[in-house]
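After this come two complexes, each holding subunit A, first together with subunit B and then together with subunit C.
Let's look at the complex of A and B:
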């Protein structure tokens, strides 16, 4: 069943048309990755879905409901949650207060407490720092907090904006393992990533955005073998002669 | 004599703190100096004598007047400031709007009540208590105690409740707060409501103390409370309280040392000195301006 459907979406960002007719579909239980260069429209698409940027034209359907012009707080209530890029946590609130805010739309206090302890189990680092101000933690810890906070609303669809941005490689792997775990618990995921390689490896399907349009989409495994995608997004140098030259110049530079 | 003026200053300063909190809360959330706050303060006492005039009895009249002033705060936000926010207009537009609103309220009060000074009814049978040789009226004690209780309630509301947590979240990042499911416009309106009711209560206390009220009474008191908020570090709740006390006490001492006609300027001299030493105020954070 299709959980999220974006139909012919146009969104303006100031005077610029940032999205020009995006079509996208996400099935319940899927991980979908959105890849594309800076300014391709990935973040604008998330902002349109969460209701923080007004949509100019087109439709966003979530669970058969038209949510195109809903306000952000109503969209959270319906079951869509966004984990913000990098430092989207509230810096002058404690870890625990940040988590409580993630559950703002929920009413039952004892259930919220249960979810908080689940989060501490999943992210033991956060349990150690529950009384610490979020802004004083490392980038990786803040990223974990952002994800945990997004899960506090018990979403059906989790939107992840650049979860690996600015993190050390070993942390990136930990975060991606967590994303897979979260998905196994039945939460559908829409993932934006600069690290296209990792994103495509864990997602079922991928959409490649360019200049506000979907350039390519399909099963991640197939797209990873697509020549264009490999060249543009997976950092592969296609021409063996060029790569040889690069290696030689590096070797002779005595680095 | 000095002790006397310190007691006078403490009770008046606590009432200033109540008004200063209104500036501080709104500034914290919107990064806006709400210059209509002084007029809202004046509106408070007038609303109360309006209800007293219609024989509501003292306590119901105070309650109604205070709530009505809270509603006025919300109305100002909804009618004049919310449309500006929605259009993402620059901060200076909101600032000039609040100055405009302050005069509109003042003129409406003049039309409704006349511009002359009117007596404010005695709230209590005023008795004098002697403490360490200083004479303190029951009104001063009531003013001090009521303000302390209200400020304690406000502090608890902001630090210890769900809506307070939401207020702090909106203060730190309005957009992200919305993404948590917080209705940010409701939180902003609620903040104006809190500012309105605390100003109205301060208004009743101060009018009851001087036993007088008039439409422009909010001008000087509003400026002093604003000075108190800045002195303590605007946007910081306990800063507003300490700021109010400093302004109140220095005003009292200035009255004894230099004569009461100079009391107003002393509050501002202190403000300027504090700001030169600590530009963000006593408890202010650096870099509070939103990017």
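Let's look at the complex of A and C:
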């Protein structure tokens, strides 16, 4: 049973078409990674799913329901939650207030408090800083807060937009381990990443986007062995002659 | 140069020291301030002084009203003079033509101002920043034009005279028997209470979230448009209350009582006091209303002082006098390089 299904999706920004017929399917309990260069349409796809950008053509089906033209707040209520690129925490609010806002769509107060304590268990760093203003925390802590806040609405599908953006390499590893933990608790994840290597390593399947279209998709393990993907996204040097030239020019440029 | 720098650092430290202490003893300070203002009439001030205190109270109410819109939600309005005028005129007309009691008239005026707030809030939903400011500025002027030309209701440019003072059970409140002062105090406490309630509620948190990052707030499932219009309405209602009281206080209003200056004054109080704080509104109103009175001897130098205060504010407290506390005072780094540079120079000279 597929949880999320995107059928032939077109999205425009004015006269520019950002998505040109995207087809995507996500099974319940899966981690899917979306990789692609800047401007390939990854963030636009997430914005279309969450309803912040109007869809021109096509269908988005979540849990057998057509959500193509729903309002963002209704989509959150149905169980899709987004952790935004660049973290998007509320800097002048405390950690706890940020989490409470994440649970905005839920009304039962005692359930919300139990979810908050669950989050503190999962992210002990946040528990230490619950009364601190979110803007004064480090980048990694803010990213954890952003993910925790997205989980506060008890989503069935978590959309993560560049969770590793601007983080130190050891923190990136911690964040990715956390994403795997979240998935083990039964939450499906759609992950956008520039760090294609890491993303493909933890995901079940991957979609490669190029110019608003799905260029390749399949099991991550198979895609990681795909020559094209290795060359374009995993930074592998395919042609030794070219690489030698590059290295020489770098060496001569004295960098 | 270094002396100046350490001097500035010491000043900043002093400021934050003062801040923490004010914060520590805030309950004592608030209680003291309240009881002192309750006892003010006992000191036997002249009517002139009482009037100034009342004006401070009115402007505090106005600033608290605008603060909900500007301080929490981040929508800058330059047209609150318009809501002020609507509240004042509605109260005056209801009291004069329909012989209504002050309280009932003010309540109806608040509802009417709230509806006007809704009517202004709905079409401006998509506007932010400067665009919204311009539209609200236009709104303030439109209200003034309507007042000037709608002769049958507002008596046009002649204004409305002989607005009765509020009276309760046959007892008329005036400046002389301090009734008006205490009525202001009661209304002010009421408005402050409402604002504290909003600040600590879900609504306050949501409004602050919208101010910080509207897209992120929407992603939490918040319908930001509803909250923005809600903030407009609440803000207008509180402003309307202040307007109703003002009409009854001065007993004569015309279109010139509600010029653009009033809107600017309210906004200045919010910014000077510290956006998004309640205590800041009191201090801001006290300073900006009292300053022209205190500075009468300065006369034409007044605006020079304004400018100086503005520059000092930008340097030391860009967030407003009582704005959010900066936990760590920023220290201008005293450059160590200059010392080593001098030593090097010295060494060079010796080497030569």
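Please note the rule applied: the second predicted complex is superposed on the first by the 239 of 255 C-alpha atoms of A that agree within 3 Å, B and C clash if a C-alpha of one lies under 4 Å from a C-alpha of the other, contacts with A are read in each partner's own complex, and residues count from 1 in each chain.
Here is the rule we go by: a residue touches a chain if its C-beta (ideal position, glycine included) is under 8 Å from a C-beta of that chain, and two chains touch if they have at least 3 such contacts.
For clarity, every value in this text was computed on a predicted model and none was experimentally measured.
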Sharing subunit A, do subunit B and subunit C clash or fit in the superposition?
clash
Thinking of the overlay built on chain A, is A:136 touched by subunit B (first), by subunit C (second), by both, or by neither?
second
Taking the superposition on A as described, I'd like to know which of subunit B and subunit C A:77 touches: first, second, both or neither.
both
Give one of first, second, both or neither to describe whether A:37 is in contact with subunit B, with subunit C, with both, or with none.
neither
Is A:165 in contact with subunit B, with subunit C, with both, or with neither (first, second, both, neither)?
neither
Find the residues of subunit A that appear in the contact set with subunit B and again in the contact set with subunit C.
50, 52, 71-73, 76-77, 82, 84, 88, 90-93, 97, 100-102, 104-105, 149, 153
Partner subunit A, residues of subunit C touching it in the complex:
205-206, 208-209, 212-213, 215-223, 324, 327
Could you pull out which subunit B residues touch subunit A in their complex?
162, 165-166, 168-169, 172-173, 175-184
Which stretch or stretches of subunit A touch subunit B in the complex?
50, 52, 71-73, 76-77, 82, 84, 88, 90-93, 97, 100-102, 104-105, 149, 153
Residues of subunit A that touch subunit C when the two form their complex
50, 52, 71-73, 76-77, 81-82, 84, 88-93, 97, 100-102, 104-105, 136, 149, 153
